[in-house]
Amino acid sequence: MRLHVANPNATPAMTDAIAMAARSATGPGVEIVATTNETGPPAIEGPHDGAMAVPGLLDTIRCQDAEPGTAAHVIACFDDTGLDAARCTARAPVVGIGEAACLVACQLAPRFVIVTAQPVSVQVITDNLRRTGLGARCEGVRAAGMGVLEVEGAGGEAALERALGSAARDHPGAALVLGCAGMAPLATAMSERLDRPVLDGVRAAVALAEGLSRQGLATMRAGAYPLSRDVRGRA
Amino acid sequence: MRLHVANPNATPAMTDAIAMAARSATGPGVEIVATTNETGPPAIEGPHDGAMAVPGLLDTIRCQDAEPGTAAHVIACFDDTGLDAARCTARAPVVGIGEAACLVACQLAPRFVIVTAQPVSVQVITDNLRRTGLGARCEGVRAAGMGVLEVEGAGGEAALERALGSAARDHPGAALVLGCAGMAPLATAMSERLDRPVLDGVRAAVALAEGLSRQGLATMRAGAYPLSRDVRGRA
Amino acid sequence: MRLHVANPNATPAMTDAIAMAARSATGPGVEIVATTNETGPPAIEGPHDGAMAVPGLLDTIRCQDAEPGTAAHVIACFDDTGLDAARCTARAPVVGIGEAACLVACQLAPRFVIVTAQPVSVQVITDNLRRTGLGARCEGVRAAGMGVLEVEGAGGEAALERALGSAARDHPGAALVLGCAGMAPLATAMSERLDRPVLDGVRAAVALAEGLSRQGLATMRAGAYPLSRDVRGRA
Amino acid sequence: MRLHVANPNATPAMTDAIAMAARSATGPGVEIVATTNETGPPAIEGPHDGAMAVPGLLDTIRCQDAEPGTAAHVIACFDDTGLDAARCTARAPVVGIGEAACLVACQLAPRFVIVTAQPVSVQVITDNLRRTGLGARCEGVRAAGMGVLEVEGAGGEAALERALGSAARDHPGAALVLGCAGMAPLATAMSERLDRPVLDGVRAAVALAEGLSRQGLATMRAGAYPLSRDVRGRA
Amino acid sequence: MRLHVANPNATPAMTDAIAMAARSATGPGVEIVATTNETGPPAIEGPHDGAMAVPGLLDTIRCQDAEPGTAAHVIACFDDTGLDAARCTARAPVVGIGEAACLVACQLAPRFVIVTAQPVSVQVITDNLRRTGLGARCEGVRAAGMGVLEVEGAGGEAALERALGSAARDHPGAALVLGCAGMAPLATAMSERLDRPVLDGVRAAVALAEGLSRQGLATMRAGAYPLSRDVRGRA
Amino acid sequence: MRLHVANPNATPAMTDAIAMAARSATGPGVEIVATTNETGPPAIEGPHDGAMAVPGLLDTIRCQDAEPGTAAHVIACFDDTGLDAARCTARAPVVGIGEAACLVACQLAPRFVIVTAQPVSVQVITDNLRRTGLGARCEGVRAAGMGVLEVEGAGGEAALERALGSAARDHPGAALVLGCAGMAPLATAMSERLDRPVLDGVRAAVALAEGLSRQGLATMRAGAYPLSRDVRGRA
């Protein structure tokens, strides 16, 4: 089984980190193909970056979707950038890491709290939670106050740990959700240090995507997600 | 005062109709400048069209925002396509016709019902209502079952009247909201035939935008809508 | 165009301040007529004052509604006292400053916070937000802890600034909404000092009311707001 | 124990019917005192009637509250007209029949449906349900389409039975709630004919009020319901 | 009238305290019969204890329901343990003390806050509030951090007073609700010390149950609460 | 990897069918162990059956949890019977098929509709949706009107197809969710006949459970799901 993980931004180092996290959460016989959106912004920080990333992201999805054996796509930005449009672009199912992380968190605790990188992302994530209904399970969305591309440095790791620790203290019964794809490499270490589940959307999404494929499920075309004209036009 | 009305699709006839509706709802001394998004799809039907329209739409907004005297922008698609990104792109306030129509409907009746053109738009609009909180006032979102570009023909007008009439019968206490910018020319006739308020988002949005400017109000930059890097970089 | 701004309380100095704010937010050719409810309480602080103010308020609305050229009415109490009853009393549309301020705030930021004068008003405003659906956008309703008639004195201005500043710190992404008509004269100064939008319902409501009239819209009579028997009985 | 049941309208025959229903639901040693609001409208149909009824209603409550032994007040209009203001007027607790009927219905079935007399009352009741939170349990609010004062005639009884029967068919798992004080005399007969609980707010409210008194509970003064100035002024 | 108060846990001293509270809130001619669930856990702390208590609890209810004159049952655990199952087991109505306390609190203040004993109960109570709709009125659910069986000791009383006092300061407009049946003996003292209503679910539930019986109301069988096969099988 | 699928009822044929569905949705190297709750009711129809099934269900979970290599548990009743208690009983994560089916449905369509077997289950499922927040995505819960053990017969299959077809017509944009574990064998056939996704909770839950294990995630113990005393007492 071949799963496509699409990094909507233009930073290849982030794609590599995402691919490694993805590979750690899949079963035997699953191949992870990770792509970078070369025409996207270096990082997605806020609604303007998100909107500008979508056309290039849809190109990578359309391209990978045409490859034989592609079973599902994962959009590796916690904002679930372009998720609905991608579902209209791909024949295979599409999973967003933001929604996936929250769904999986709900299996481990009744409530969760999200820690993202930038304040500008808080409202984007909050809006997504309203649409998915999962806001009812979310005790808060916070920003650690660092750039998306600063997460992996030593300062970033310390700042993230401080922000997660503070969230854990304020929300003693809530699972922690990492609100940025760039945080994926730190999930395991943070979970150990804070002694509670720390959810990474990349792993959550590839596991969900693998499961969708094993169940033989496909995006529903009637209603919200018809295939776009250009895709329907292909053989 | 100069108000920019941005048609996010590439159909100039629709831009003309929108501009005419806009001019009918503004006070003395207000100039309406309407633009067409030449790189957008002919019509916006669903999330894929919406996503592909945004970069070109933001270009027209950035360009008009730099014109002296531009007091506000209106995005003339009921899906409020790219609204948050536009608020990060323009120095002047930005109003979406979908949210505007619903807000104004709430001044005339406690509840409203929306009739859009295409079934694929129902979920886009429903999601927006969840984000804005106005879903609590909305009794339903329906599709008349016609293409966006078919609204103005004779068949389109009849189909719209049937759909509005049916919505009025099923929701006897609700104002009617036209869920597509292309329906703007028909608002007055439909209101007379159905004997209840029929809201057109284009008129609602330009009236709101004019009011924002008279109150001297500007988009709040802290939080969700910081100016994007490229705009900040300009003088 | 003639807009009637009704002060539901009996304090003429407050009526004057409200009228001045109203005039600052309207376009050319708009006349503001402001009335005082001589039989009302000196200030509306809580549900008892609100209930007792309504019959006199409806009298001023009925009277001004009969004047030729009255295009709309504004109820200048943030509690939106008697709003539904007024819509059943006037032939012209009626806008409440509480709902108007919140609607306009939603054009500038995704979230807002309200600062009113008295603790007893917090629940009245909270209940209104539940009815309008705008509670989904509201991060909190606070009281500055001063009498309605104390707002304009030097102590009142300082206390309001402290309360707004505290709300701004606790809600870094939210627009500020003044939760009392008596605060209208301070809106511009507060916005400058706090460097974010500070919404005044009086200005918001007259701008909305002017816009309703320019769109040719009228209160919907079927359903919730039939004209009351006594008004229907008039020629 | 003395319970005051206040009929907010001016129709003594309705007061008599309400008093009889009230007496059928109280325990030994409870005296029901029922008053008519002589300055109110003949019936409360919509928000205008409701607003005009409140000052007279508050007078009867203030007067009865001063009588020794008054343990609680019931407002016998399903709209819960003036409920918050009454709580600021009386030293004893105040129960509204609309909220009471819904609370009691929730003890018998997970969901309920309300049948009121006039379409104009549907939104008033719907707004109350939003404020109380009980809208989550309510499957619908319907109007039987008769005047409040027509309920007790032969035609009224037949129309009510038709409306309740239709609601029962459409909502097979919901208890039925009578949405008008004038329907109180018909509750038992309707419950027998339709073979499911039919809730009458008058009985529900006096039972709740009796229970409040037996528990020694009083309206909370801090926050929303301070005693009004004039009552505080009395000895 | 005979009311059955079922203590779902196996601690007879708690049953005695509950029975005493129950007797203080009923009218003349009401007999309280209190039972202990001998096969239940010593105290119900969390969902596991709750689930294990239900079969024994249903036995006591089935048994008491067969006694002549039993008018209603009260489940004396704030978690409303087994409430729906009990409604399918008893011919007489069943009231849970958790829902009852919140319903009665809503008659005294627009909002309430709950203080329970153990952190593990917070989510159980929160889930119940979501199901009943009363979460809209609840400002928070807190744990005092003591075992259910420690409440009545001197340390327990002091800890409860601290927790209630802290809740009162943080929620100045909210009634206080005791979130554990074991707190019933302390309600009156706490209300006096904190000078605001302190609701005890045991008293609230028996008063509601007595009222249901006086109104002649019975659990609705169509829909959610059919009588279970074994009860139907009895004569 | 060993996954335990617990059938909470006492019908071995249903356990066999559930195990077969589970095996069809797992990856290489996953072993499914299915157990029958021998002390449970033959089928779970309503809250009384559900409550009586839990102690035996927890026994099977406790027993399987002690087996080396058990990676997760699945509760194979759409009511998610005893889910929270099970999370307090097992060291491994626990997934309920009701919540799992709805979560997976949300990856394929923005909305879903549930078709269960018995009317008595509608409220149980509705209450669960309120607790999980997924009610916001659910357009309705319907009963096909057959016994849980009748689903697999020829008449059951025809009745289910009729009920699903009717749900599909009424909800043209919603995925279909099978609301009963006994329907698992029919999922693929129904999806083909109705040409849209038909979700089976058994498959959804085992796929989720496998994914949880691959991500190395465990139930969070702080807050809602502490290990019960008896399990903690074991080595």
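Each chain gets a letter, A, B, C, D, E and F, in the order it is written, and its residues are counted from 1.
Just so we're on the same page, contacts are C-beta pairs under 8 Å (C-beta built on N, C-alpha and C of every residue); 3 or more make two chains touch, one makes a residue touch a chain.
A quick note: this is a predicted structure, and the numbers were derived from the prediction, not measured.
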Set of chains whose contacts include both subunit F and subunit D: B, E
Intersection of the contact lists for subunit A and subunit E: C, F
Length of the line joining the C-alpha centres of subunit A and subunit B, rounded to whole Å: 30
CA centroid of subunit C to CA centroid of subunit F, Å: 52
Centroid distance [mean C-alpha coordinates] between subunit E and subunit C, Å: 43
Overlap residues in subunit C, where contacts from two or more other chains coincide: 110-111, 119, 122-123, 127, 130, 136, 172-173, 223-225
Touch-based graph of the chains, sorted into line, ring, star, complete or other: other
Set of all touching chain pairs, with the criterion as stated earlier: A-B, A-C, A-E, A-F, B-C, B-D, B-F, C-D, C-E, D-E, D-F, E-F
In the complex with subunit B, residue positions of subunit A that touch it: 46-52, 54-55, 58, 82, 84-85, 87-89, 119-120, 122-124, 127, 130-131, 223-226, 228
Residues of subunit C touching subunit A in the complex: 110-111, 136, 172-173
Interface residues, subunit A side, partner subunit C - complex: 119, 122-123, 126-127, 130
Contact set on subunit E toward subunit D in their complex: 25-30, 93, 95, 99, 103-104, 106-111, 132-137, 172-175, 188, 196-197, 199-200, 203-204, 207-208, 210-212, 214-220, 222-225
